[in-house]
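Look for chain A in each of the two complexes below; its partner is chain B in the first and chain C in the second.
Let's look at the complex of A and B:
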């Protein structure tokens, strides 16, 4: 109960600060929309061509997660900046709470920001890229977003805490982050592909979903062990 | 001699190959006001960070009430407040939101009344709902005093607390510290301001790059001797 109140306080603080400054959400949403616009023009000939359904679905999944991954880095890069620049991390380190809660709360805040951006931009994606109707298997898209975001936020929050102490932190996070999420993307893009295929069945996606779930669990557990060492010095 | 409230037991801290603190030993009794003097870069802030459990020593232990702080740091942190030259405040939040946030982390009961009481103490009640980012350095430090006292700590660390303060903020800080001294709060202050430090000290430590060069009760030694040792430590 005590832990949940402390996590709530940490997340609430992040959300109030973001709603006031809007520096993370605005940057992420604008970036995603610009990416969709550029790719819709750049790939217009390919998208108009009579591609195989399977190939078109992979292309759409790739476009979607390309935009989301880069937008996530923009947001994650800022996630510990206030704590670092305003010296607030020391205030958190002094508080009587398990330091892994600082990670967990920041993970939740990052997840909320990422989901918010995706909720807004998914409609823009539909306008630019989906020809007829909406997604064929909406539940697969929801599962892909949840499983993908858990992994992206967990890895990103951990690496953001490491990168924020570096001199070139804006460069350091992408360099660390993208190699670490390659396994997520190797499952996430095929999984999302099935959201655009009317023939998709649970058996097609269950293996991919299991892999993502295991990845998420690993990267939610590891920070609980190492976060104390990362933030202390 | 009463049991030490805080004992620094052979504390050594290295950053890479650089030794910042080397076998630092001292004890503080409950209600003491320890002032740690020393030039810039000698490790005063590092020592405060280690004593307040923000940072682990490379070697040695901090012992609080006879128990190693590393065994139960959360218990120790409940007793500790820190006023630093850095206010630990979020610029986008209001004074009230900042204090409520820290109050929730410390599980302060009747938090709204406690916030009002402290804002009155630091004379910033009328700015309660203003965003801290619009405050001057002195006002931020006053809110920082309120933040540090929210949970009624029995041990208060002050790390260069007068740094960058305007006279009004410095006066509020000095009055607050005097009141805490009367209330038997244990105070540990790191400063290079000899006058401010000697006003309140019951024990004085002078830290030099070689380690502790003086560790005395303030009433056993006159101010001119402390000045002399301090100045000598700067020259050597």
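Let's look at the complex of A and C:
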């Protein structure tokens, strides 16, 4: 009970700060849209061609997650910058809180930002790319986004807490982050492909979903153990 | 016995082993023949490729263990050990990728060029290489010694946990491999003379790794001593 109150207070702080400045969310949404545009120009001949439906689905899945992955890095990069530069981290560390709660609250705020950005930009994506037959298995896409975001936020929060201490911190995070989330990325692409195929069955996607769930659990448990060492100052 | 003395002895041992192993690879081990009776000379690269891969994994395991010990004991010697091991590991992994590409270019022609994006082992090794390059980048970008030790330890631990997940995800994503399996659970699938040569090469490269590791470790220790002297002055 006490923990949930503390986490709620920390998350509320992040959300209020973001709603006042709006610097992360706006940038992320615009960045996602720009990535869609750039990729569709780059792949225009392929998108115009009359592809087989499963090829088209996997191409669109790649476009979607490439944009989301880059946008996630953009947001994660900022998540500890204010805390550090304006001394908020010192305040948090002095507060009578369990250190792991700071991680968990930051993870929840990052997850909320990421889901908000994805919720907005999925409409843009649908307008740009999706044909009428692509919506029948949309629940798979929703499950994929939730399972993927849990892993992306967990790993990203931990790594951005590390990267914020580096010399070139904005450059450091993508280098640390992308190789680490390769497993998520590799299972999200086929999962999203099935979301666009009306013939997809539960048996096609259950293995991928189980894998993502395992990844999420591993990278939610491990930071709890090691986060103390990262913020210890 | 002092560490520098051990390194000296091992250096001479490594030199003798390398000379012997070259003789074994090119004179003792028989030339492989294909079904048509044609000699396959490029198969000789296996005697370097497999030991390099083994040493690379060993090196990253040492990074993992060094990280855990550092977090437990907070002694900078474990950080130096882990970082040295990562440097040697990255060099060896680079060589694994290069020798593997050279072999694959000949063995898998004309189906593949220099790289095969659907293969589990190739791509896992590639991600492994990227993860530990990121580890080295992280080490280079953080100035404060004590902080660097903690962050490197945490990153070393989570990247080691990530590697099996990467392998599993690539398996789900592209469920095939055409990489030959020399070492199976049932034992070696090789001619006895080839097997002895391979084992000898593995021994040679392991000793070479220890020499590199100890040399780099002592260098790191000296660098630390210089920093301490500077602070005293």
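As a convention for this text, the second predicted complex is superposed on the first by the 230 of 233 C-alpha atoms of A that agree within 3 Å, B and C clash if a C-alpha of one lies under 4 Å from a C-alpha of the other, contacts with A are read in each partner's own complex, and residues count from 1 in each chain.
The rule is simple: contacts are C-beta pairs under 8 Å (C-beta built on N, C-alpha and C of every residue); 3 or more make two chains touch, one makes a residue touch a chain.
Small disclaimer: the values here were computed from a predicted structure and weren't measured.
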Please work out whether A:61 is in contact with chain B alone, chain C alone, both, or neither, and reply first, second, both or neither.
neither
Contacts of A:179 with chain B and chain C, given as first, second, both or neither:
second
### Message
Quick one: is A:105 in contact with chain B, with chain C, with both, or with neither? Answer first, second, both or neither.
### Response
neither
- Message: Contacts for A:200 in the overlay, against chain B (first) and chain C (second): which applies, first, second, both or neither?
- Response: neither
Task = In the overlay, answer first, second, both or neither for which of chain B and chain C A:165 touches.
result = second
| query | Should A:21 be classified as contacting the first partner (chain B), the second (chain C), both, or neither? | reply | first
- Query: Of the two partner chains, chain B (first) and chain C (second), which one does A:97 touch, if any: first, second, both, or neither?
  - Reply: first
Winner on chain A touched-residue count between chain B and chain C: chain C
In the superposed arrangement, does A:232 touch chain B (first), chain C (second), both or neither?
both
First, second, both or neither for A:222, with chain B first and chain C second
second
Where chain B and chain C land on the same part of chain A: residues 232
As the complex stands, chain A meets chain B at residues 2, 5-6, 8-10, 12-13, 16-17, 20-21, 82, 86-88, 90-98, 232-233
Given the complex, residues on chain A that touch chain C span 155, 158-159, 162-163, 165-168, 172, 175-176, 178-180, 182-184, 186-187, 189-190, 207-208, 211, 214-215, 218-219, 222, 226, 229-230, 232
Listed in rising order, chain C residues that touch chain A in their complex are 71, 127, 130-131, 133-134, 137-138, 141-144, 147, 150-151, 153-155, 157-159, 161-162, 165-166, 168-170, 172-173
In their shared complex, chain A is touched by residues of chain B numbered 15, 49, 52-56, 74-75, 77-78, 80, 82, 84, 86-93, 97, 101-102, 104-107, 131, 147
